[in-house]
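Input: structures, listed below.
One chain, subunit A, links the two complexes that follow: it is found with subunit B in the first and with subunit C in the second.
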Partner chain A sequence: MEKVIAFPLMGNYFLPCNYLFSKLCNAKILVPPKITSKTVELGGKYSPEFICTPFKYTLGTYIECLENNANILIQMGGGCRYGYYFELQEKILKDLGYNFKYYNLVSKGNTDLKLIYKILKEINPKLNIIKALYFSFITIKMVNYMDDIDDYIRLNAPYQKNVGLLENINKEMLEEFRNVKSFYKLRKSYRKCKRKIKNIELKDKNKKIKIGIIGELYTLMEPFANNNIEKILKDSGVSVKRFTNVTYLLFEKGKKSKKYLKNLKNIKYKMGADAMDNIYYTKYLIDHNYDGIIHMKSSFCTPEIGNMGIISKMCEEKNMPVMFLTMDLNTSNVGFETRIEAFLDMIEMRKKNE
Partner chain B sequence: MNKCYLGVDIGSISTKGVIIDENYNILKSNYIWTKASPIDAVKELINTLSIPDGYKLSGIGTTGSARKLIGLMLGANVVKNEIICHATGTLNFYPDCKTILEIGGQDSKIIILNNGIITDYAMNTLCAAGTGAFLSSQSKRIGVDISDFGSLALKSTNPVKIAARCTVFAESDLIHKAQLGYKKEDIVAGLCKSVVLNYLNNLAKGKKLKEPIVFQGGVSKNVGVVKYFNEVLNTKVIVDPNSHLMGAIGVAILSALDNSDSKFNLNINDIKFETKGYECKGCSNNCEVIRIIKNDKLIDSFGNKCEKGSVNN
Partner chain C sequence: MKIGIPRAMYYYYFKDLFINLFNELNIDIIVSPETTREILELGEKYASDEMCLAMKVFIGHVAYLEGKCDYVLIPRVENYGLSSQTCTNFLAIYDIINNLFNMRIINYNINLRKKETELKGLIKELKKLGLSKKEIKDAYTIAKVKESKIKKNNVLNNLRNLRSEKSKILIVGHPYNINDKLIGGDVLKILKKLNVEIIYSDLFYTKDEYLNYSKGLYFKDSKDNISSISKCYNKINGIIFISSFPCGTDSLIFELVMRKLNKPYLNLVIDDQESSVGIETRIESFIDIISSMIR
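Showing the complex of A and B:
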């Protein structure tokens, strides 16, 4: 039987996933269809009622992939309840009568390269370790480069004189990444992109609103799960700072979160997932004179519920506007847009009267 | 010729319109039911609100849940969300106001102000708990007209306790209490009180309500609810005679501040407006796209998640 590998979607990260598996696994890769209301409906139908929303999204994607003849599924989750998704989803999908193999690349919330190698070896017994290391290195670098460019665009997109220039350059780079042959080529197209975006003229930065978005990782990184908040903010001319990305979660969190914990005098524990990190980000945003904070989470996200009280207290003390949004399977975004619009108007009023 | 400005607030239940002059005095106003068809409601509203002699219409603003649609239809120069409009309208009458409580048909809001600046706000999140829609659906169940609700509630000396927080529980509480034989006025008073408690538990949680407090929106016309707000907050909330029009006044002021040069006219009777909803089959999102057709010409569409459902396609 032909091996067909599938993985869940999260923003643009399907690109590096696709790259890694296609180089190393000697199997067909099924890039999952974009998340749509149908995906969400499917996921919601077979999920436990009080599970957090990313579970429903990923389960829906898996079902759609299995329907398209995928037989090897990859999950990459850990840290909070995400760590149990693997077992539960496997059971639900097996009960639905699908036949497949299911692997979790993250064990106990940590990125374990040995484990990843073992899994890849199982999928492709002919795997050469040198080749595996080389392409993993390229993939990691690809993620780093993507995140670096994304951060820059989020912060600066509203200042560009002609709308869409930065985004087009980014698209070009991603297109080149798709079939990159060597690390040298990857770095070359990244540097080219970086040079191009630095050359784009930017307007006066002082007049625009600066906002930080924090919260639960999946909701922040998958546009369908957050009602495309980054696009809404960008179109309203808001410069956005987002801390959470895959580079941070997989490669930097271990070190940095210890530093964050030291910096927070009143917090003694990590509180699971990114709860403590988000408290640190709140402090960062307040200290760096941002204009507002939007905290997003999927419903039933326990770590983020835990930090909401602390964040709202911190913001109240420093007179920082903050808005808490909870996302679930709702697909209408009229009320959502009203709330964001009002939040931005409020910030603008405050800014004018400073 | 003096300038005047039109503000229209199209809510889920009622449609409000005002015409103000340059000094923000109300020249004309009207309040009608939306009856789930905002276009017809606005046509009716505009027919009753003619521009007074000696005035020239220099701005149109729309707010409320149908603001986008009606904004297009009237050619408005300002289309703003309800929060900003309510705050602007209220500050015009009560410049030192610190807290605005607003209960409308499907939305309820709380707005905290400091020196005339919005510093915090909250809107009800998921359900209809503590909104006008809950009161009006229960008034039908009890068989009391919604306009008599408040005065009946005032007669009660012993309001029944009804679960505040969730309308589903409130409703089952209400049915049980009615079956136990409580008087109608006690039940009505209990309902009014539950709206107040519901509102304060859901929206005002963790916020300091500083005086002066202004209460507005359609439900502020209900004297029963006003009484229980006074009782629970242990203060006297201000209810303006025009409290139901605040949003419309606010957006009219904003359209005046916008200083637009475009020409406005209200001859919308001859113009044929149509909205067509259809399910876009471009992808499996199946977006419900609303297309707005003015005199058989497609002018805008919304509801689409991607380019496939936009006007150009």
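Showing the complex of A and C:
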């Protein structure tokens, strides 16, 4: 039987995942259908009641993939109860009558490189460890480069004179990434892209609104889960700072979060998942004179519920506008856009009055 | 000097230890009363709307103690070793309270992965109150022995109840949900009225029995809950799951266990509703089904 691998979608990160697994596993990679309201409905139908939204999204994606003949599913997650999704999802899908193998790359909430190697070896018995390390390295670098360019675009897109230039350059780079064969080529196309981006003329930076978006990771990174908030903000001419990305979560969190904790006077411990990090970001945004904060989370996200009170208290003390958004299975985004517009109008009025 | 202990969340894990420890040290303690609707309303005033019911109750108890004591005792449990972590509410509990109230807090952390034990934390914190290390150590040892005696008695009682002639119902849930008067109190009252034997999931000595139901579980409290099911599976007639709305860990694990169970079960999610009539009807019909099955 032919092996067909599938994994859930999250933003742009399908590209590096696809790259890694197609190089390492001698199998077909299924391109998951884009998340639509149908996916979400499917996921919601078979999920328990009080589960956070990423569970429903990923379950829906899995069902659609299994309908398209996938037989190996891969899940990666840890931190809060995200790490425990896989066991229940496996049971639910098996109860629905599908036949497949399910691997979780994070075991019991801890990343274990040995286990990942074992899983990959099971999928592809001919796996060569040196080749695996080399392509993993390229993938990691690819993620780093993508995040770097994304951060720059998010901050500067509203300032460009011709709309869409930055995005086109980014698209070109991603297209080149798809087929790179060596690290050298990858770095070359990244540097080319970076040079082009730096050459684009930018307008006066002072007039535009600057906003930071913080919150739960999946909701922030998957555009369907957050109703395309980044696009809405960009179209309204707002420069956006987002801290959470895969580079941070996988490679930088361990070191940086210790530093963050030292800098926070009102917090003593890491509060689980990204709760403490988001409190630090709030402090950072206040200290760097941003104009507003949007806090997003999926419904029932326990760590973020815990930090909401602290964040709103900090913002109140420093007179910082903050908006809390709870995202669930959204089907219409009309009301959502109105809320964002009202928030931006309020910030603009404040700016004028100053 | 008076130390306040809120009767919620971790209190139900550590109550015998705390009471005996401070008794040995001759320190006055005040434990907040059983949860009432007023305490919950106090908690709802301070808490975020979306917090789980147990957390709201906890904040209510702390608010009740405000002004009635010099210190309030809030330990933080991070983990009991590798892949035995706690719910994220337990991780955040100290910082949430510290930012909500202006109280002096006695706080220590239990993190066995980094060898931060209960005793080390207690010594460090209680030293600040002017007690010597030896005093604390002795009192802790005595309290620990007394605690294990009480636990042993309770477990024995629980096991004895398993031999009863009446229909036996296992109640699965966190101790701070089952034993709280507002959250699990109604359920227990109704069950006692219906004359069934109640077996508690927290009164067992458990080890790795949870592996029968779940291989990748890494929440300590849930492990204990689930293990108790395998411990007495053949002797009970039915299972009632109790969780507070919206409990993060229970929503996943109970669902998984329910899908694997081959016994009658009832899943009760308790929220802050005023009346228990709906729950009463559900429990009554559940017990009816069980007794008809026995016959």
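The working rule: the second predicted complex is superposed on the first by the 350 of 354 C-alpha atoms of A that agree within 3 Å, B and C clash if a C-alpha of one lies under 4 Å from a C-alpha of the other, contacts with A are read in each partner's own complex, and residues count from 1 in each chain.
The rule is short, and it goes like this: a contact is a pair of C-beta atoms (placed from the backbone, for glycine too) under 8 Å apart; a residue touches a chain by one contact, two chains touch by 3 or more.
These figures come from a predicted structure and were not determined experimentally.
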| item | value |
| --- | --- |
| Joint occupancy of subunit A by subunit B and subunit C, clash or fit | fit |
| First (subunit B), second (subunit C), both or neither touched by A:268 | second |
| First, second, both or neither for A:310, with subunit B first and subunit C second | second |
| Which superposed partner A:334 touches (first subunit B, second subunit C, both, neither) | first |
| Touched partner set for A:83, first subunit B, second subunit C, both or neither | second |
| Which of subunit B and subunit C A:152 touches, first, second, both or neither | neither |
| Partner chain(s) touched by A:100 [first = subunit B, second = subunit C, both, neither] | neither |
| Touched partner set for A:91, first subunit B, second subunit C, both or neither | second |
| Of subunit B and subunit C, the chain that contacts the larger number of subunit A residues | C |
| First, second, both or neither for A:345, with subunit B first and subunit C second | first |
| Following superposition on chain A: angle at subunit A, subunit B versus subunit C, Cα, nearest 10° | 80 |
| Nearest Cα pair across subunit B and subunit C, whole Å | 9 |
| Residues of subunit A at both interfaces, subunit B in one complex, subunit C in the other | 326 |
| Complex contacts: residues of subunit C adjacent to subunit A | 47-48, 50-52, 76, 78, 82-83, 85, 87-89, 91-92, 94-96, 98-100, 107, 109, 214-219, 245-249, 251-253, 255-256, 259-260, 269 |
| Touching residues (chain side subunit A, partner subunit C) in the complex | 48-52, 80-81, 83-88, 91-92, 95, 104, 107-110, 266-273, 275-276, 299-300, 302-303, 305-310, 313, 326 |
| Complex contact set, residues of subunit B against subunit A | 65, 80-84, 115-121, 123, 125, 206, 283-286, 305 |
| Residues of subunit A touching subunit B in the complex | 33-34, 36-39, 228, 312, 319, 321, 326, 334-335, 338-339, 341-342, 345-346, 349-350, 353 |
